[in-house]
Amino acid sequence: MTVDRVSVALFGAGRIGKRHGRTLAFDIPAAELSIVCDVDETAARQLAADLRCDRWTTDPADVFSDPSIDAVVIGTSTNAHASLIAAAASAGKHAFCEKPVALDLESTDTALDAVTKAGTILQIGFQRRFDKGFAKAKQMIDSGAIGKVESIRESMRDPGPPPPGYLPTSGGLYRDMTIHCFDCLRWLAGEEVAEVFAMGSNLVDPIFGELGDIDTSVVSMRFESGALGVIDNSRRSAFGYDVRAEVFGSEGAIMIGYSRDTPLLHLSPSGVSSDHVYWFLERFDDAFVAEMHAFIRSVQSGAPPLVTGADGRAAMALAYAAEASLKSRTPISPANF
Amino acid sequence: MTVDRVSVALFGAGRIGKRHGRTLAFDIPAAELSIVCDVDETAARQLAADLRCDRWTTDPADVFSDPSIDAVVIGTSTNAHASLIAAAASAGKHAFCEKPVALDLESTDTALDAVTKAGTILQIGFQRRFDKGFAKAKQMIDSGAIGKVESIRESMRDPGPPPPGYLPTSGGLYRDMTIHCFDCLRWLAGEEVAEVFAMGSNLVDPIFGELGDIDTSVVSMRFESGALGVIDNSRRSAFGYDVRAEVFGSEGAIMIGYSRDTPLLHLSPSGVSSDHVYWFLERFDDAFVAEMHAFIRSVQSGAPPLVTGADGRAAMALAYAAEASLKSRTPISPANF
Amino acid sequence: MTVDRVSVALFGAGRIGKRHGRTLAFDIPAAELSIVCDVDETAARQLAADLRCDRWTTDPADVFSDPSIDAVVIGTSTNAHASLIAAAASAGKHAFCEKPVALDLESTDTALDAVTKAGTILQIGFQRRFDKGFAKAKQMIDSGAIGKVESIRESMRDPGPPPPGYLPTSGGLYRDMTIHCFDCLRWLAGEEVAEVFAMGSNLVDPIFGELGDIDTSVVSMRFESGALGVIDNSRRSAFGYDVRAEVFGSEGAIMIGYSRDTPLLHLSPSGVSSDHVYWFLERFDDAFVAEMHAFIRSVQSGAPPLVTGADGRAAMALAYAAEASLKSRTPISPANF
Amino acid sequence: MTVDRVSVALFGAGRIGKRHGRTLAFDIPAAELSIVCDVDETAARQLAADLRCDRWTTDPADVFSDPSIDAVVIGTSTNAHASLIAAAASAGKHAFCEKPVALDLESTDTALDAVTKAGTILQIGFQRRFDKGFAKAKQMIDSGAIGKVESIRESMRDPGPPPPGYLPTSGGLYRDMTIHCFDCLRWLAGEEVAEVFAMGSNLVDPIFGELGDIDTSVVSMRFESGALGVIDNSRRSAFGYDVRAEVFGSEGAIMIGYSRDTPLLHLSPSGVSSDHVYWFLERFDDAFVAEMHAFIRSVQSGAPPLVTGADGRAAMALAYAAEASLKSRTPISPANF
């Protein structure tokens, strides 16, 4: 059987670029990593070498003008996402882009319009949907295993705040972190959010307050059916990366959580202890691979991607609603944005 | 050693009266169950017999006029709580009373005033504080084991709605069910709540909506320090009684939850399964005994009770705030009530 | 309804006597604790007072000559078990006796013969059978939930060695500790053991070796059907009392284990930890009550006890076989004893 | 930094060959998969293509005569292991070989002699040592975290018997399956086994009995220090692949086990359930990668491999001892072999 491999260009040679590059280069027989592009020449060259890829560049035009390239994977810093998406669309290339599309809805819409016009595939990097646990939960919910969904809860905490230099460009807690939860709740519930109420505090580090940001938050939400949702977030988690969800239905419930790094218990006079996964890259290692497989399959089959640009926009609108609620101290509908 | 036993009268021969009666009659050497009082003569006589207690009555005056009785335990229906508390105080008798003191704050205040005036001991039946898990969590928090508390989450779900006949007298979700969580969060946080925001739905049974009540709720709250809290409740839980809490601090976290009824796992081709505790009387069996021990110790030593009337009032004020928030769609301070 | 209560005499006012006394005095409406008997007058008097029982004695004859007493519960030291069983039988009184009946099979048989002759009920104190987890496992096995049993494993470890003074009278590891596991495996398997092979070491404390005893052991066994069993024991467990079982069948498996004392997890930078039950009296608190309920029910109904004298003998024969195997270094059949 | 990559030839294009091939081709930057060799031409060609490897052959001589090849990875059927090890050694090539070296000690010794003579590196595929849980356990034991080891228990069960056609060439339960446990216990204990006693049955499928083999087994063993070990195995496990270990020390214990495939709990009226890992390739996915990394590092650094040919021989001698014990019904020392 001779299937043409999908030729992929990788934008971004940083942390997440490396992660996706490894998948593209080695884990997906149907994909071929053709070129690595980064503004930092050394980083581009080094990552290409590590991934046994012959080509690298600092100029996106090298990618967009190359007709042999089918698709791009965008893992740059956020401010470059929207323009790369639009440029890819204009060049007729499919794109996978890390969340968020942009830090504002205007740029998001511009980028998505370009994609719609071009008719290319765009998949957004909400990798949580591809985690074995979350994916099975969705499947069970859709199959009716827990009846009608009545409430959903999601927790997400990072081990510690991002580097201070990143914070001013982060978009704030809701656009940077909670956006993963916004997407996940919409997806698990299978319906849209009618209103959002946000409560937030600055407890972890004064720098968040100085930037007008918060570091600890509880967001409650009502779905159109009346089902309720709640998300609790923090920029700090003493025990490591925390991501858990609970879905309560009329006939059962599902809990998703995974705390152990190794399958080992230590029993001693001071009790029974296990370790804990520290970092999202470990927690979602499989999910990062699975989402890339899904993207390549979409490109090959022409099937719509499993996470669309519209999904990315909807999650951002929820972030806007949460921010507006925080200021107005009232529930806000994401339909306003 | 000859310590005088505390002579106790029990009001109420129903479900919770039986539970406390058993403890008083058999499990506390320092207590003596002297008389059972219930408006239903048969119930009073039968429970007295079951508890090997010689006396029973349908007339509270038999209790209040008896100088040999030191204390009363009130496990009647809620509408009788406040007047019995006041009458006990007037008669100089210490009282343990199930939550809530009353369904409204006016009656609550009247009853608490009588207690204050009499200088008697009044302990409220928030048994969760006496559960081994919750008690140890509180102890760890107070000892600094998890640093500064930043957020607290509590879940509570009953297996199913109460009997329809009970609902109109329940006081609604917040005064009837969430009140346990309101007390628990205040207590775990060790500080007062600054504001409350409530979101609720009627999803479980139309009867709640018809009564102007809700059956599914998410309440978020901000404590005075800025720490956040969130409570999710439902009148339905397909898998049995659900009570769990999570406390996140600057240096660690605590999770309290207990799902298994028997220490047994069944492994089969369809997976690994365990059972689940079905009912709060099983879940808090030990706590009901522990709170009664604490009450008797307070009576003997004269030390203040571990759950005061003021605690009962504060939890009710939070219920008021939640109701007001539900109507006004804004955060409400319990200080308004 | 007026059911006559079973009048019970308690022999032994030590640790296990207190445990059973509490159950008889307070937890079983159908039983009445009538007298406490102990060779130590102070202990007998004190325990009777604590249990609100009017009578105590140091002379067993006071019990056996009293026609109002229906049954005896024997919680003395082991060397008195067999003669009290025989005396109870001769006096026409039913008996519950802690394991073992005696430290040797000759005395065991003499006592059991007396019971058979008298036609009284004798129940042996293998409380593990009454634990919720073990009881449910047995029920599931018997219902075919795991198909045909192919192997069973049981672990039992005490937190630390018994007091040195007790050891010379203990009967050694197999008669003192493993006997619980021997009974449990016979019972769970629902069939007899064909042969036993024992391997033991002296690792915990030299005193065991000096007494010709072992403190660490692995016993493997073959049941008549060919199913296999294995028991591992130790006189030391740094983390607390350890009792777990695993039953593997052709269609599934069951694991029984219970490590947490409180329903609390502590998550910190050093990992996730919980506590552990320390002591068998806590682990089997419910089972001690349940076995006494079962005994009283047998006495009332005349139904055979759930743990018979023959069960006690069979477990002791397995201990003999293990000891013989240890010496001969070959598998030994319990049918030899 | 320019490090020369280790050029590796892969023998065997079956299940385990594919697993190792993927690691060599994609996951180890320091390794290069240079050629795939299999007696089945189609299999060799297809695997090479899948792994993006240019060369394949059916003739081992193509490998051994090629001076550019540094090392071989042997994942063929067992009967070819020993001769390939010897041939590799003679050609001066390092070798990684799946367990066992051979089904008999004579061939094992011949192969190991060739390696010793050549001074090449030989690593045996006991992947369990590279599992995160087992590796951390070993590290903790060696660091003294649980004091002196007193007993070790290991369980291993396959979901179901191997294909009937494989059985006559399997070497029987002890050489085929238990050998993993023999290695693991020696390694965890950090000392040699003094004697072994085996009990086995034929319960799963009559075919094992017809071949003179067993399918269910308990092996107990004494280490030189007097510490005890026990291994329980079965060719059937209704719930999926079962591999767990428990190490009890004077100051604590370690338990290693991993049952969940996805981080998901389903709570319903029939209880709480999770899934279970079904297959060893999933359970040890990371370990297969880690052992290959270790092999390549040894080849590069010249450091001794973490699992030596002597380890492979010692595990096989334990299998011999277990077989001899099964026949003689007495404990047998592996030093006899």
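All chains are identified by letter, namely A, B, C and D, in their written order; residue positions are counted from 1 within each chain.
Operating definition for what follows: a residue touches a chain if its C-beta (ideal position, glycine included) is under 8 Å from a C-beta of that chain, and two chains touch if they have at least 3 such contacts.
Computed from a predicted structure; not experimentally measured.
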{"item": "For chain A and chain C, chains touching each", "value": "B, D"}
{"item": "Most remote chain, CA-based centroid, reference being chain C", "value": "A"}
{"item": "Chain pair with more C-beta contacts, B-D versus B-C", "value": "B-C"}
{"item": "Same or different contact residues where chain D meets its copy chain A, judged by the half mark", "value": "same"}
{"item": "Centre-to-centre distance between chain D and chain C (centres being mean Cα positions), rounded to whole Å", "value": "42"}
{"item": "Cα-centroid distance, chain B relative to chain C, in whole angstrom", "value": "38"}
{"item": "Whole-Å gap separating chain B and chain D, where each centre is the average of the chain's CA atoms", "value": "57"}
{"item": "Sites on chain A at which at least two other chains make contact", "value": "146, 238-239, 251-253, 267-269"}
{"item": "In the complex, chain C residues that touch chain A", "value": "238-239, 259-260, 267-276"}
{"item": "Chain D partner contacts - residues on chain C that touch it in the complex", "value": "146-148, 150-151, 153, 155, 157, 197, 199-204, 216-218, 220-222, 226-230, 232, 234, 236-239, 246, 248-253, 329-331"}
{"item": "Parts of chain A lying in touch with chain D, wherever the complex brings them together", "value": "25-27, 29, 50, 131-133, 136-137, 140, 145-146, 251-258, 261-269"}
